[in-house]
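The structures come next, written out as structure tokens.
There are two complexes below, and they share chain A, which is joined by chain B in the first and by chain C in the second.
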Partner chain A sequence: MTAVQSDTLQALKEIVDEVAGVPAEDITPESSFIDDLGMDSLTIVSLFVLIQRRFGTDVPNAVFDRLTTVGQAVAYLEHGEIPA
Partner chain B sequence: MNTPLTEHGPAFRGALTGLLGLGTYLPSRRITNEMICERIDTSDEWIRSRSGIRFRYWAEPTETVEFMAATAAERALEHAGIAASEVGCVIVSTVSHLHQFPSLAAGVAHRIGAAAPGAFDISAGCAGFSYGLSLASDMVAAGSARYVLVIAVERLSELLDHEDSGTAFLFGDGAGAAVVGPCDQPGVGPVVWGSDGSHKETIRQSHSWAELRDATAPDWPVITMDGREVFRWAAYQLGPIAAQALEKAGVTVRDLDSFVPHQANMRIIDELVKELGIPDHVAVARSVEIHGNTSAVSIPLAMQELLASGRARPGGLALLLSFGTGLVWGGQVVRLPPAPAGPPVPAATAPAHPTKENRS
Partner chain C sequence: MDISGTPLARSWGVGIRAVGGYLPEKVVSNADLEEVLLTRDEWIRENIGVETRRMAAEDEWTSDLGAAALKDACARAGVSPSEVDLVICGTYTPDNMAPPTAMRVIEKAGAHGATGFDVNSGACPGGVFALDVGAKYLASGEYRRVAVVLADVNTRTMDWKDPGPAVIFGDGAACYLLERCRPDRGVGLTLLRSDPSRYEAVWVAREKRTLRDGRPLTSAFGDNFATLSGKAVHEFAVGEVPEVIEELLARAGQDVSDVDLFALHQANLYIVRGIMAALGVPEDRTVTNIQKYGNTSGASVPLVLREADDLGRLSPGDQVVLAAFGSGLSIGAALVRWCGPEDFEAVATT
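What follows is the complex of A and B.
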């Protein structure tokens, strides 16, 4: 993992901690927002609002519906594409 | 009438008008989450985690919009010590008065014994109290009326799809009123309001009354809402609107005594408190828990609740912030009215018989 990826992941972990109260050490790229981190649809909205504020990237509903894990969100933020 | 607020008084910019009295009406039928769950496949726990709502009140057939609005108005007049005959204009905000005309305001004005004041309804959904208050304050400041009654009333239970798990639990009925009149110190800050019709489908009546005429008439229209989209809109937009309302009034969050956002959903309120950095000393209205989302009624209900509990101080500065169907939004800083006699209390019973006057 490059330093850039690690920064994005770290920032995302902090946001998840903030909106869902899950400590960073319990979050991995494989963590599913809903199944593993216990987030509901409104918490996921809050997550992407904070992402917008911190990264300046506006993620539309149709996109974030397809980003189901932390790793997928990191990949989208870094490359602007929804991972397969 | 208002308690002077010397430590913040000079900084607060607003019209020389104020909220002189408050009155509310909560209908008699208390609806618990368990009762809602008889019709939708969910639980009390889910409703509470999703919205913060524990119960709401729904009107009986005789608790019509006119009856509830007039009762709240009479209570506000009594609280302000103003006679109905002194009211120069009656503004009613509602989306659940099921007559296209005449206005509900004209009927309410007559019912409370006002002396032929100006009277009209406004349609600004959940932002209706902020909109109406702004109109009232401007009228008083301009000398168009000495006292204006601003009334919000909803019977949203009538427009609910009781099987829609996104909305069935959310809304409650009731009425709230305020008397606005002249003051010797600023009491109503400039409104920050707006609309974005590109979101007009986000919260709406499912279909037009006109469609009920057709041979294959659809069902009774209901509230349709994309809750997640509303939440998203609120999360992005409300913070800057609140900041603008504070700035226009010349104050900061530190100058506030209380924060009274529209009681739409506890999750939105929590987000706002965080985003705006509302300090601990500021009382935050959270009466959505016990009233549900009562649309434009929520702000007067919440103000009364906060003042009656002693957490908000009469004469203190409150930031009001609301948004709703349109989408529209409105917010302003106000000086809180005198303490009410008590919190909003649900009616022990509904009126016994529907009369011609209280048919909605």
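What follows is the complex of A and C.
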């Protein structure tokens, strides 16, 4: 994993902690926002609003509906593509 | 087990003479909420259906909203508030824990001489539960004109770090003014259902909350915060409310096709549409106002009636189903044969 990827993942963990109260050590790239982190649709909206503010990247509703894990969100933020 | 009894026979009906309403002046848009919450206008529209809601001014409390709605109802009926016998205030956001908010509604509306009390039936279900209490007082024969006021300052119960309730609720009030009417009109069969096993699905939790820096977080009601599980409420509302409505109609020997208007609690636009779809009824047989006002809790059903009346969607003799549901979890459903002015003039009111 490159340094840039680590920074993105670390920042995302901090945001998840902020909106969902899940400690960073409990979050992995494989963590599912809904099943593993207990987030509901409103919390996921909050997550991507905060991502927009921190990263300056607008993730449209239609896109974040398809980003179901932390790793997929990291990949989208770094490469602008939705992982298969 | 069916433990229902049979209503006592009487020579008059309980008519809804007028429905009053009051919405605070301050309009809060979804874009305004984006300034204070981590949320999005587009998401709220697509998932809740709210575009704007009203918020009480700093010096406006439940009794101010309720008194304004009562005065509006009286003005529409052409009577003075001083001619009201009984004021029942349905609220979960009382001005103070005691005395009842109804006292201040009486005072502020000038309903001098009326007696009154509050009914807390869990906020949103109040649109039918409190109406049922008022209807039964009027049916008793001991009161001639009863004002059932539904008023809440919902936004004062918010934890502004929790977008769930904050994007849904708005402040507002409404008032059913009940009088005797001809016996085949007015409020008919009413069903009330409660399930305390889902107490925490939508509720005002009393608990200590803190900001991330450890400072205490409070609502205008201190350590009391509106809290809800949107998924649980959606499943309950779309799954169970249609069943209660169908039971109500079956008991009354009616069919959904006989109903001219469904006045449904404005919990969420998509819940309203889901209930209509489950009943197999086209959406043009309901009226929604959640887009403008949000979920106003107990006031929402009477505000729908008020809007329907203003739109010319209610005529004397129309069959109307009222359904209010939410915190409890509880559901109230009532069948109302709508009255015109002549239905009240047909019976003595002295």
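By our rule, the second predicted complex is superposed on the first by the 84 of 84 C-alpha atoms of A that agree within 3 Å, B and C clash if a C-alpha of one lies under 4 Å from a C-alpha of the other, contacts with A are read in each partner's own complex, and residues count from 1 in each chain.
Here is the rule we use: contacts are C-beta pairs under 8 Å (C-beta built on N, C-alpha and C of every residue); 3 or more make two chains touch, one makes a residue touch a chain.
None of these values were measured; they are calculated from a predicted model.
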First, second, both or neither for A:S46, with chain B first and chain C second: both
Partner chain in contact with A:Q10 - chain B first, chain C second, else both or neither: neither
Chain B versus chain C as contact partner of A:N61, first or second or both or neither: both
Intersection of chain A interface sets (partners chain B, chain C): 40-42, 45-46, 49, 61
Residue numbers on chain C that touch chain A, as the complex places them: 34, 37-40, 42-43, 46-47, 163-164, 167, 212, 229-231
Complex contacts: residues of chain B adjacent to chain A: 49-50, 227-229, 231-232, 235-236, 267, 271
Partner chain C, residues of chain A touching it in the complex: 18-19, 40-42, 45-47, 49-50, 61
Chain B contact footprint on chain A (complex, rising order): 40-42, 45-46, 49, 52, 61
